[in-house]
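Inspection log for the structure reproduced underneath, given as structure tokens.
Order as written gives the chain letters A, B, C and D; numbering starts at 1 within each chain.
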Amino acid sequence: MAVTAQQMLMAQPVELDGELPDLVARAVEALGACTVACTSCAGSCLAEKDPGSLADCVVACTDCADLCATTARMLLRPLANTRRSTGVTVLAACIGACETAAAECARHELMHRHCRLCAEACRECLQVCRELLAAL
Amino acid sequence: MAVTAQQMLMAQPVELDGELPDLVARAVEALGACTVACTSCAGSCLAEKDPGSLADCVVACTDCADLCATTARMLLRPLANTRRSTGVTVLAACIGACETAAAECARHELMHRHCRLCAEACRECLQVCRELLAAL
Amino acid sequence: MAVTAQQMLMAQPVELDGELPDLVARAVEALGACTVACTSCAGSCLAEKDPGSLADCVVACTDCADLCATTARMLLRPLANTRRSTGVTVLAACIGACETAAAECARHELMHRHCRLCAEACRECLQVCRELLAAL
Amino acid sequence: MAVTAQQMLMAQPVELDGELPDLVARAVEALGACTVACTSCAGSCLAEKDPGSLADCVVACTDCADLCATTARMLLRPLANTRRSTGVTVLAACIGACETAAAECARHELMHRHCRLCAEACRECLQVCRELLAAL
């Protein structure tokens, strides 16, 4: 049974208010799943017979994987007040990257199962990130 | 229900032999959990009342988080033959980083719950990575 | 003689308008220098005799290194219009992280030469990033 | 005038023996230049008219950028003895990734200037990394 983000966040020597710990844990899980989906989808696009038509999708997924990973790292370090406004801006950038990758993958989802799954992971991630952004 | 590494790997337009796909999926999941645990543990150590005694633990966890994240990215891109030997070496380096972080965290696990959980995540990760390494 | 960001950007099969290519090249160089400075400064803080007093500095530098590296990666992929607004938000987040790290390091710059150098690298980086943000 | 890796390494509160500090500084610079070159080259390949023929190059460059960035981060944190063997293995993996990317880019260097520059950056990087590996 794997150690979860929720367990790690609950073991931090700081206390977050209200529903924030639960939202951060859910965001970290969704960001992790989206990093995996986008990295794999970009690699799959490049292994298809015609990667040329998927070039924009590769770029959007690579951006999204980079930003999701960085956002998760920031959220996992206890969010002191001095870091909160940067955290909010990173989250907003991450939501933008998820939107772009979801839209790009949706264009190919009838053709490629990895694009359909990746669009789904991006949409789940941006939904949770929007909830967290509203609560921060 | 989150999109999983297993689903993404099964949607890749390449076929891996035998038990390899399953092992890669399990490794990606364990590497992701270990990245989260190590990033959070390093942040928690720095938020403790006496971070001075935990400095080596922060460094070991940060190394480990960096290497686990990079290893997962490499494994998620379809492993062509030209990349296999580098993949094997990265996996070996990652196992080394997990061993160091597990040992460092184990020294503090009676004192800090985040170190106990993180040591557990590192041990799970290095176990799965060793199985994958043996199969590659 | 090392290959530079300027050379790589000039070899891209896209054309950027006006002064933008030059600004992007300078930003990528400054972001790279700041990533190095912040990673090294965080490591140095943890190797000092009293890392406890430098814990906030380690966190600020680690955030900053993560964001500078991610921002440079985004800027190095040709900036299509669909990615521009996310690029702008990432740049804004990166400037925030540089400000926090510069302020944190400035508090210790009389004591630790690595903090003085790192504060300088952060200030140079945020200056160039602000110029680029104004031009995007 | 940008802050350099050499300056940051000389400001670390640890002493490295003999020529090691100079070699580490040169490696960090070369790894940074190679990260930039590989990230930009992968993005340029995807922006070419026929990205299909460059798909393997994109994957090799992306692997290489990831590993160079991670290796630089590990080298920038003071190399305690407990971390040395992992550092050596990471460096070996990084050299492998540089070799693969240099070979892949060399196949396209008459056609694409970004591939020629990137192959050059990879070769410089693996040369310096081999010198450092021999000294560790």
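Here is the rule we use: a contact is a pair of C-beta atoms (placed from the backbone, for glycine too) under 8 Å apart; a residue touches a chain by one contact, two chains touch by 3 or more.
Fair warning: this is a prediction, and the values are worked out from it, not measured in the lab.
Peer 1: Hey, what chains does chain A share as contacts with chain D?
Peer 2: Per touch definition, common to chain A and chain D: B, C.
Peer 1: Considering B-C alongside B-D, which chain pair is linked by more C-beta pairs in contact?
Peer 2: The greater number of contacts lies at B-D.
Peer 1: Farthest from chain D by Cα centre, which chain is it? Let me know.
Peer 2: A
Peer 1: Counting in whole Å, what is the centre-to-centre distance of chain B and chain D, each centre being its mean C-alpha position?
Peer 2: The mean C-alpha positions of chain B and chain D differ by 22 Å.
Peer 1: Chain B to chain C: how many Å between their CA centres?
Peer 2: Measuring from centre to centre gives 27 Å for this pair.
Peer 1: So which stretches of chain C touch two or more other chains?
Peer 2: 43, 46-47, 59, 62, 69, 73, 77-78
Peer 1: Any idea which chain C residues touch chain D in the complex?
Peer 2: Interface residues on chain C, with respect to chain D: 2-5, 7-9, 11-14, 28-30, 32-33, 35-37, 39-44, 46-49, 65, 69, 72-73, 76-78, 112-114, 117-118, 120-121, 124.
Peer 1: Which of the residues in chain A come into contact with chain D in the complex?
Peer 2: Against chain D, the touching part of chain A is residues 43, 46-47, 50-52, 55, 58-59, 62.
Peer 1: Which residues, counting only chain B, touch chain D once they are in their complex?
Peer 2: Interface residues on the chain B side: 56, 59-60, 62-63, 66-67, 69-70, 73-74, 77-78, 80, 82-83, 85-86, 89-90, 92-93, 96-97, 100, 103-104.
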